[in-house]
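For clarity, chains are labelled A, B, C and D in written order, and residue numbers in each chain start from 1.
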């Protein structure tokens, strides 16, 4: 058994971290929220880096590779989401022209899930959707909505004239959804791990009543509970990504579990980080609320946490009976 | 505003405590569980004391009086439950003969809720039930079931030939149910408060690493959370009892809230007490598990906690719209 | 047991209600609104007459508060002054200070703020660093920074806790002053919270002069003076923290309006979440009534009054979360009042005593559990900051 | 990344499986079952050859454990001996002790127990009071009481932690022995747990003689010896606490069987509770695989291995609660396996390190948060007990 990242993955993580932390940051997320500054790194830089298209046919990358990158993207609240690229790769599998268009930056896509605001709709010109069981593609009118987390680029999409790309695409759509949930969970993992680091660092340094607040059980145990959740989320993300690459039969359960765990873990990590930071933690200038905003949005993306828990239960009971 | 017990209630509580702690105890509950010893104080002593029939027409007592007694009964895990008497008083209102029979010990009643095991079925000879909207009364065959908490006397009841006592009794039945939930919550309050006392006493005295374990935040804060819940449960029990006596319009919400809060608070108090007591807390000889057993049974009596929360929500939304 | 007013209370309530029902406060003139209420006798009800108050009872004050809330009237602008600063001046001020400040405070001629917390002194307030240095002439010079100061941008005066002697243990080297917020060297900077609003301020003191006559209490006695302030805060809060977060009735109304759009499964889940939050909110509300009953009998609220805040932050969080969830697809974007409410709540668990500090207080002072050994005991402030 | 065996591991698994699949253990002869496994080479796999073991890897041992669990075969009777007592003798025993004890232990000729906890020394193990007094002839006399001793009623030997010097700080005055459980003065009394079963024992020592040759490690060095034992416990647990409580698959099967009897609302609630518990259980399981991967690479599990126990006690509680709830009306009475499972769980949060102690360990040793000041530091044991 070797359920751990290999050297290759660790090198990839380091490279992604270097690129992403130079091009995105909580400060950029704040600027996007505050004055409508562009989301960073943005589509252009992201595809240029090659990280977004790592699961493209010729890139030789796996979903696990993309998950490793996505964790780093989550740490710095990068946008647009790698979820969008992960889903596009599955949906457009075989459509070399469009995949090349995304990779060279000429095609800006978003994936339309339901009637609600769409992830990465801001700046997208081409939309992929499931209509009557067919994968369709077309332009759309985007109304960007007032953001909770501006890096998610959510907007309402009114689809224009669409073309059918794949007539019988339900299975493909479901796989894209599950790979997307896996990558969403990986971004959540990065954000949660970053919040934990922030909390631990502050608790180790901030003094109250003559000692570091992290020495008090109330603070220490709060952080430990987050640590346990973050590590278990990490395990679920790896499992889901591995299943996407190697065990399609395990993907439905693994992806739903990862999605659900990411939603609750990130929310818990964000609320704990704010609490540990005391007064400073709920100021605009502190980074904590930017991650908290991410948590409040992400839990509702690609189906909400309630739907994911429900799916886990149905799959578990189905497998058991 | 005088939302507090009066001297009269406090005197009653003291008298009830004296009687009940002399006649019942966790040790008696353990003996009942272990070797099938009789439940204490038992029907005979309980009616002789007058406390059980305090809401009888001529006793001049209110539901609040009975709630005050019930709290003390809960503290020592007394049986049978005062819930049975509280409901009988409402159901048999006007039926002087039967009420007198219960009061002089010649009639041993239980109230049948649904198809499941019935509270205080053990030793009962006469059963009250709602059949097609009518209050009926009759003998029954009791099969006592293996107890979780032996003091609850749960058994399956096969009703024999019944007589209709009140033809159109739905409203009366509902009121009896709500008064019963109030008294059940009062017993739960007593049990939870006793568990809190046990936990606080132990945490103040037990030493680890050179100081009392109650000085550690992990233990202290656990107990504080229980304290807050217990005091809020107390407020809800008083409110529900007061509403039963003076504000029937508030009783449905108050009784459902008290029932729900009692279920969760008692369970939380029991689990915390066991945790605080460490190894000693999960031994047979320690009293904690007897209260824990009470918690595990009571949450399912007179409708479970889930049903009570659902009812609170429906009533709240009904009142709001 | 009853929820009724005593005859005296009922008479008072009638009088209050009659006045309030015909009042039409101008939203652009909060000072005028408070002044009008003061002239009518409904501000500082429980303050002594010689302090400009009415010499009434805490219950009478609570009735005024209840009636104002019931009618949805705007809160008093000088809330901090009335609840915290004024009582401190009453207890520790000189006759001169009392005559200059108290009536004007009640009438909102002057607005007040409370300058205690600092970036490095939150839960551990006594660790504050703002220095007051005595001048040869007897006056004082203040340098330092305060934070989380409500109303500082409008306030005329503030009560200011400073360190005058770093050479003694931290609780013993503090001194309290009244500071003129328009004095040279005082800078107020609004502080944005995570929801984007700026309810609080940072206040900087750069060599600000305060005459010795503006001292409150003896030099070195500032901690005892500050405890009066904090005790008064508890008194003025009343109701056991039931004011935290949205009213449960408002959430129930909102959920009821959106319930029909949800699937049957989601409706069942929403009812569970609403029921749990609602029961907790009712528990806190009726526990607040027990505290009010004690006040009605003339007793003072004890440390157990903080219990409502502990459960209140929790139930407010759960109820607000539900309110957001029932928005469905719109829950992903901002623009709804519940989204904003959600972003206020994390601060609630910290402001006015963090959950952790409140649990310590209740554990030790209500349950009688032993305190933790104090690492900073007997150490001088100077040593403690290394 | 893969979940596959290495070629060596796969070959080993094939061999193990072939043997286990044809084995037919007699439930009335647990010693015989262990002996048969030992003769086949599947007990003490990772123990050194000179200790009677096979000189194999921890991963090989883990594969044996996995295959036994997969086939539902009975656990080894001498689990405590193999996991905790034996490794302690290997590390600290004399050549004579090793030759007398180790192989017999692996073969279940002798059963062993571990005598550490006392009524007054649980989480704070080093506060133990059982006294060992040196006799003029060099032997020792033991008086005191141990508790929570698994298997003491069957054990032939035990490793016994005693206090030999109350005049030094508590960690320094301890000494470890091997005790013959049939020695005069040893009394074993079963201890019933809250579910009515008696898995543990109290053990009383009334002036029990132990020769000095049965000492494990130097006098006063008992704490260091005990740490070896506790470290071995962590090693032998593996899998990150996923063994706590019922298997999530079993709960899912049970819930699925009862779901049809519930209302649609209750079904939705049940699925939420199952989903939450199941996700937590999967999270713990796959985190356990990460630890196993480390073992497979030859690394030792660190303090983070305790994380699974923290979440495991929680998810086991929630899943078992659901399993009871779906019984409907029958949930009010006993007689179902889930009712019994429920009554075992409160002990799980305490046994093998309370949740509070584990959180301290992870907080300090994994997250690097500062330790609390120790009230008992440098105080002699005699002083500490007043």
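Operating definition for what follows: a contact is a pair of C-beta atoms (placed from the backbone, for glycine too) under 8 Å apart; a residue touches a chain by one contact, two chains touch by 3 or more.
Source: prediction; values computed, not measured.
Chemist: More contacting C-beta pairs: A-C or A-D?
Modeler: Between the two chain pairs, A-D has more contacting C-beta pairs.
Chemist: Return the distance between the CA-based centres of chain A and chain C, expressed in whole Å.
Modeler: Distance between chain centres, rounded to whole Å: 40 Å.
Chemist: Please report how many Å separate the Cα centroid of chain C from that of chain D, as a whole number.
Modeler: Spacing between the chain centres: roughly 51 Å.
Chemist: Averaged over CA atoms, how far is the centre of chain A from the centre of chain B? Could you give it in whole Å?
Modeler: Inter-chain centre distance comes to 49 Å.
Chemist: Could you list the positions in chain A whose residues touch two or more of the other chains?
Modeler: Within chain A, residues 211, 216-218, 221, 306, 310 contact more than one other chain.
Chemist: Any chance you could list the residues of chain D touching two or more other chains?
Modeler: 265-266, 268-269, 272, 356, 359, 373, 375
Chemist: Does the chain-touch network form a line, ring, star, complete graph or other?
Modeler: Here the contact pattern is complete, since every chain touches every other one.
Chemist: Can you check the complex and tell me which residues of chain B touch chain C?
Modeler: Residues 1-6, 9, 64, 200, 203-204, 211-212, 214-217, 220-221, 223-225, 227-229, 231-236, 238-239, 242, 246, 253, 257, 260-261, 306, 308-314, 316-321 of chain B touch chain C in their complex.
Chemist: Which of the residues in chain A end up touching chain C in this complex?
Modeler: Residue positions touching the partner: 114-117, 145-148, 152, 154, 207-211, 216, 218-219, 271, 274-275, 278-286, 288-289, 292, 296-297, 300-301, 304, 306, 310.
Chemist: Which positions of chain C touch chain B when the two form their complex?
Modeler: 1-5, 9, 59, 248-250, 252-253, 255-257, 259, 268, 270-272, 274-276, 278-280, 282-284, 286-287, 289-290, 292-294, 296-297, 304, 307, 310-311, 356, 359-360, 362-364, 366-373
Chemist: Show which residues of chain D lie in contact with chain B when the two form their complex.
Modeler: Where chain D meets chain B, its residues are 117, 119-120, 122-124, 127, 147-148, 191-194, 196, 265-266, 269, 324-325, 328-335, 339, 342-343, 346-347, 349-351, 354-356, 359, 374-377, 379, 384.
Chemist: In their complex, what parts of chain A are in touch with chain B?
Modeler: Touch residues, chain A against chain B: 216-218, 221.
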